[in-house]
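Notes to accompany the following structure.
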Amino acid sequence: MNQHSHSLPASYDAAPLELTRRAWPWPLLTLLLVAFVLIPVLGDDYWLNAILIPFLILSLAGLGLNLLTGYTGQTSVGAAGFMAVGAFATYSLLLRVPGLPLPLALVGGGIIAAGVGFVFGIPSNRIKGFYLMVTTLAAQFFLEWVFTKFPWFYNYASSGTISAPRLELFGYDLHSPLGRYLLVLTSVVLLTWIAVNLVRSQIGRNWMAIRDMDTAAAVIGISVDRHKRLAFAVSSFYLGVAGALWAFAYLGTASASSFDINRSFQILFIIIIGGMGSIAGNFIGAAFISLLPLLLNQIGQGLLSGMVDAGQLQNLQKIIFGMLIIWFLVKEPEGLIRLLANLGERLKAWPLRF
Amino acid sequence: MHLPLKHKLATVLLVLSTANAVSNTALAATNEQFFPLANYRVGAYASSGIPVWAGMIDYLRYINEVEGGINGVKLVWQECETEWTAEKGIECYERFKNGLNGAPVAVYQPNGAPAAYALADKAAADKIPLITLGYGRTEATDGSVFPYNFPVMLTFYSEASAVINYIAQREGGLDRLKGKKIATVYHDSAYGRETQSPLALLAEKYGFENIQIPVADPGNEQSAQWRQVRQLKPDWVFLRTWGVSTPVAIKTAARFGFPVERIIGDIWASSDEDVLPTGEAGKGYLALTPYPGGSEFEIHKRIKQHILDQGKSDLKDPKSFGSVYYNSGLVNAAIAVEAIRAGQQKFGHRPLNGEEGRWGLEHLNIDEARLKAIGFYGLMQPLKLSCSDHEGGGAAKVQQWDGSRWTLITDWVQADRETLRPLIEAKSNAYAKEKGITPRSCASED
Amino acid sequence: MTFFLETLIGGLLAGTMYSLVALGFVLIYKASGVFNFAQGAMLLFAALTFVSLQEQGLPFALALILTVVVMALGAILIERTVLRPLVNRSQITLFMATLGLSFVIEGLAQGLMGAQVRALDLGIEDVPLFWGDVMVSQFDLVAAATAALVVTVLALLFNRTRIGVSLRAVADDTRAALSIGINLNRIWQIVWAVAGILGLVAGLLWGARQGVQFSLSLVVLKALPVLIIGGFTSIGGAIVGGLIVGAAENLAEVYIGPYIGGGITPWFAYVLAIVFLYIRPAGLFGEPAIERV
């Protein structure tokens, strides 16, 4: 796509007008076609329920965290806490506001999560870097406690779990795996589209300026505190919607423990492995994180079953997973997206380099 | 640059997907019943889980090799690691629900509370019955609302009632409970809070003081909680912890001078793994369990002879033979096997699917004679399930730790299930209303 | 009043147990700028190794020495395979690497030594002692004494030995330290080994209380707020932070807990940490970073 990246034109007049000339985005259209048409036709329950739905939701959550961490430079390990807010808020809205359509409930859940994110983002004006990470950790533990402690949030169910009261849109029942898949896919596509445009806007550019150096950003007149809080809010909105989808479209039921600290780490893994400050990286990171353990598991079952003790096999998988993470961090600090981009560049020149 | 990559990714997914679909449809009619094992061998709860899987696998192997399967239908099983989480539990369920190489699934044991909750609706939609022994939704006892959920033998409500009845035994009658202080130290989670409403009801009925003290997860520091216990001086403590919070609780209680013989552990705080680390402090600790520890039951003799001594056991540490969790594996497997056997009486001696498995469960009747025949007498209580009662049983034995092993100190202590039933029906009706379910009529079943 | 005093003293003593865990973090952060999330896994690994060796019939001292050797070898291995290739990467990358490392160590620990719970008896009785009306735990006193001993040894190591001086130089300015010929890799190996040994000490004390098993690795979550309050770079801070967290957590659970439903310990320490951070953004004893444009 960017065949001009190796040589810069000598003058502005000679520069190609690529910005204004827009070709049809064929690859994107193919991808959407595959996702919306081909997969629903071909995919079976296992692929939809156990792989594609969680993959898409995790990508969305990664996207939310990436807006905050990858684009604005505010490290957060409280992602799952905000997902919990989204899930419990959406549940409350569906339960307590009769007749509220599902999309509005999702957006409402997201907005409430954004409000909570805003509040927990306030300390970011004084606390920075590693120490800020801890305030998000506090958010994580505090929110988890709130949603286990106060029965109002889960409608006084003795089990402390919430489940989607109704999952329907314009009269269509979305309970089937396919319905839930399409619901998730539509939400993810819409929100990704918004995010792509957001990071290219003035706000996105200000965020990146703050990430690269907030003192410098303040010097050139960006209101740093306000933008940081905004990043917290927007990120939490995304996480909130992802949390609601995780609870209702994927798990079916959820409790506060579905959004524990390990989920936060998982999402952080996604963006670091996929690529900080990249939209597509979230999808690749989510694919890596959610598919790799399954792949290892299948390989283990298939190849080594019977030869190695089942418990040892699980431990071995864990070790390999950890090693792969370290290996990727060592090999490609900018994430898998960079690795793939480099590969693409190489293929373009293959087999005749120079 | 981003887009072609996503495209490639999707293609890869698609190729894999079709490959998988093909492998799934490679069906062959076999005379085998698939027994999915969603288990956890790594992570925080692995130490509890490993003996359970050994018990299950040993029993299944025993059925296959000694009894030639269930009426000639051989059992096949495969493991899937859930790490005790909901999402991996779902993945395992989706992987297993269509059976294995043509061998169908008759009953499914999620083995873990998070997965049990997450699968409740999915399993009902797929018509696969879930057996949750000692965990899962209590209100699923009402089978008219929850046709595919079986919280068999002992729900948390029954457990609360059984513990109160046991305390009454020790105090000399239910009327002597008046004015007594009973503190529940509980793991602050859905599991831990489940006994709050039955205990509140029973406290009102019998006039004891009901004190609730939460321990936050993971519970590796509990001095604040036990300092409260020391200050309130309860007559009994009902300990409802899980994982590491149990040994820490017992040790901390000793540190604060609370007598360990006055602490009664619940079903998830009653294993060897819970008390082994406590050393001296745990001597005299009481625990309630529907599958007591011990290796002297008839089934143990059979398994020892045919499986253990033949070197075919899944148990890595022979010391665990007859431990509480190993026995829980035996009991879990036996219930599933007996349910399939019950179903076969109606549908013939062939592998059953989920719907037929459910019929078997709802017509399960393991009486004393049957218990003796399968070698579980004393280890397991008589169990009779029906459409309206998915629990059956409702009794537990109390065992005491003597520093190296458990000794049974009571026979079955029965819960007062009639008192609790209205509570359960209120919950299940609320659930039915929330979900828009019309309860089926149990009178028209059978 | 007695009850208050008892809660306070009990809390302070419990806090020293947190400090012991926090010290391992401080050491590594000071020397290599890595927030080592694998500290919990190291703690588990050390305690498991020790218990397994004891099960093989080794006497206490020998098992202890062997475990120390194992931890030192592990430190060298980690430095070679994880730290050296990641030198000069961002803090967050290093943090994630230690998360990956914790998977590896946990898998190894459970794979090699089994997942079952082991009892660990250090021969210290965990029974109540009475000072007047105030009850204290003998075990806690031993733990506090151990913490004091560890801090003294560390202080001597840092201030009186060549290694300690070069370690401080590295912590102060890595490049300057390199330019005067300090072997950075060796310093890292030493620091990680010492952190591993600290993990062993903490692992034994915690393990004696709750049994040696996987959950031992979760005590790191308790150490984080301690670090925040005390600062990531101060050994004294880790001790003071531990005392503050222990006392505040216990007092809050007893006096505030009942009004808001109890079970507040997991987050209370964090909220306290935020309040401290808001007042002193680099912790009580941490050095504020100077930013240059």
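Letters are used for the chains, namely A, B and C, taken in the order the chains are written, and counting of residues starts over at 1 for each.
Convention: a contact is a pair of C-beta atoms (placed from the backbone, for glycine too) under 8 Å apart; a residue touches a chain by one contact, two chains touch by 3 or more.
Just so you know, these numbers come straight off a predicted model, no measurement behind them.
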Look at the interfaces A-B and B-C and say which one is made up of more C-beta pairs in contact. A-B
Most widely separated chain from subunit C, with each centre as the mean of CA atoms: B
Between subunit A and subunit C, tell me the centre distance in angstrom, where each centre is the average of that chain's C-alpha atoms. 32
For subunit B paired with subunit C, centre-to-centre distance based on mean C-alpha positions, whole Å: 37
Identify all positions of subunit B at which a residue touches two or more other chains, and write them in rising order. 41-42, 46, 50, 188, 216-217, 316
Going through subunit C residue by residue, note those that touch at least 2 other chains and give them in order. 106-107, 110, 115, 261, 263-264, 266
Spell out, as numbers or ranges, the residues of subunit A touching 2 or more other chains. 145, 149, 311, 315, 317-318
For subunit A, which residues are in contact with subunit C within the complex? 69, 75, 123, 126-131, 134-135, 137-138, 141-142, 144-145, 149-150, 213, 215-216, 219, 261, 265, 268-269, 272, 311-312, 315-319, 321-326, 329-330, 333
Given the complex with subunit A, which residues does subunit B contribute to the contact? 1-7, 9-11, 13-14, 17-18, 20-21, 24, 41-42, 46, 50, 53, 78-81, 86-87, 90-91, 94-95, 97-98, 114, 117-122, 125, 137-139, 188-190, 193-194, 196-197, 216-217, 316, 427, 434-436
Along subunit C, where are the residues that touch subunit A in the complex? 35, 81-82, 85-86, 89-93, 96-97, 99-108, 110-111, 115, 221, 224-225, 228, 232, 260-261, 263-264, 266-267, 270-271, 273-274, 277-278, 281-283, 289, 291, 293
Given the complex, residues on subunit A that touch subunit B span 1-2, 25, 27-28, 30-31, 34-35, 38-39, 42-47, 49-52, 54, 95, 145, 148-149, 155, 157-161, 163, 165-166, 175, 250-255, 257-258, 278-280, 283-284, 287, 294, 297, 301, 309-311, 314-315, 317-318, 337, 340-341, 344
Taking the touch rule as given, give the residues of subunit C at its contact with subunit B in the complex, in rising order. 3, 6-7, 10-11, 14, 17, 106-107, 110, 114-121, 126-128, 135, 137, 139, 206, 209-215, 218-219, 222, 249-250, 253-254, 257, 261-266
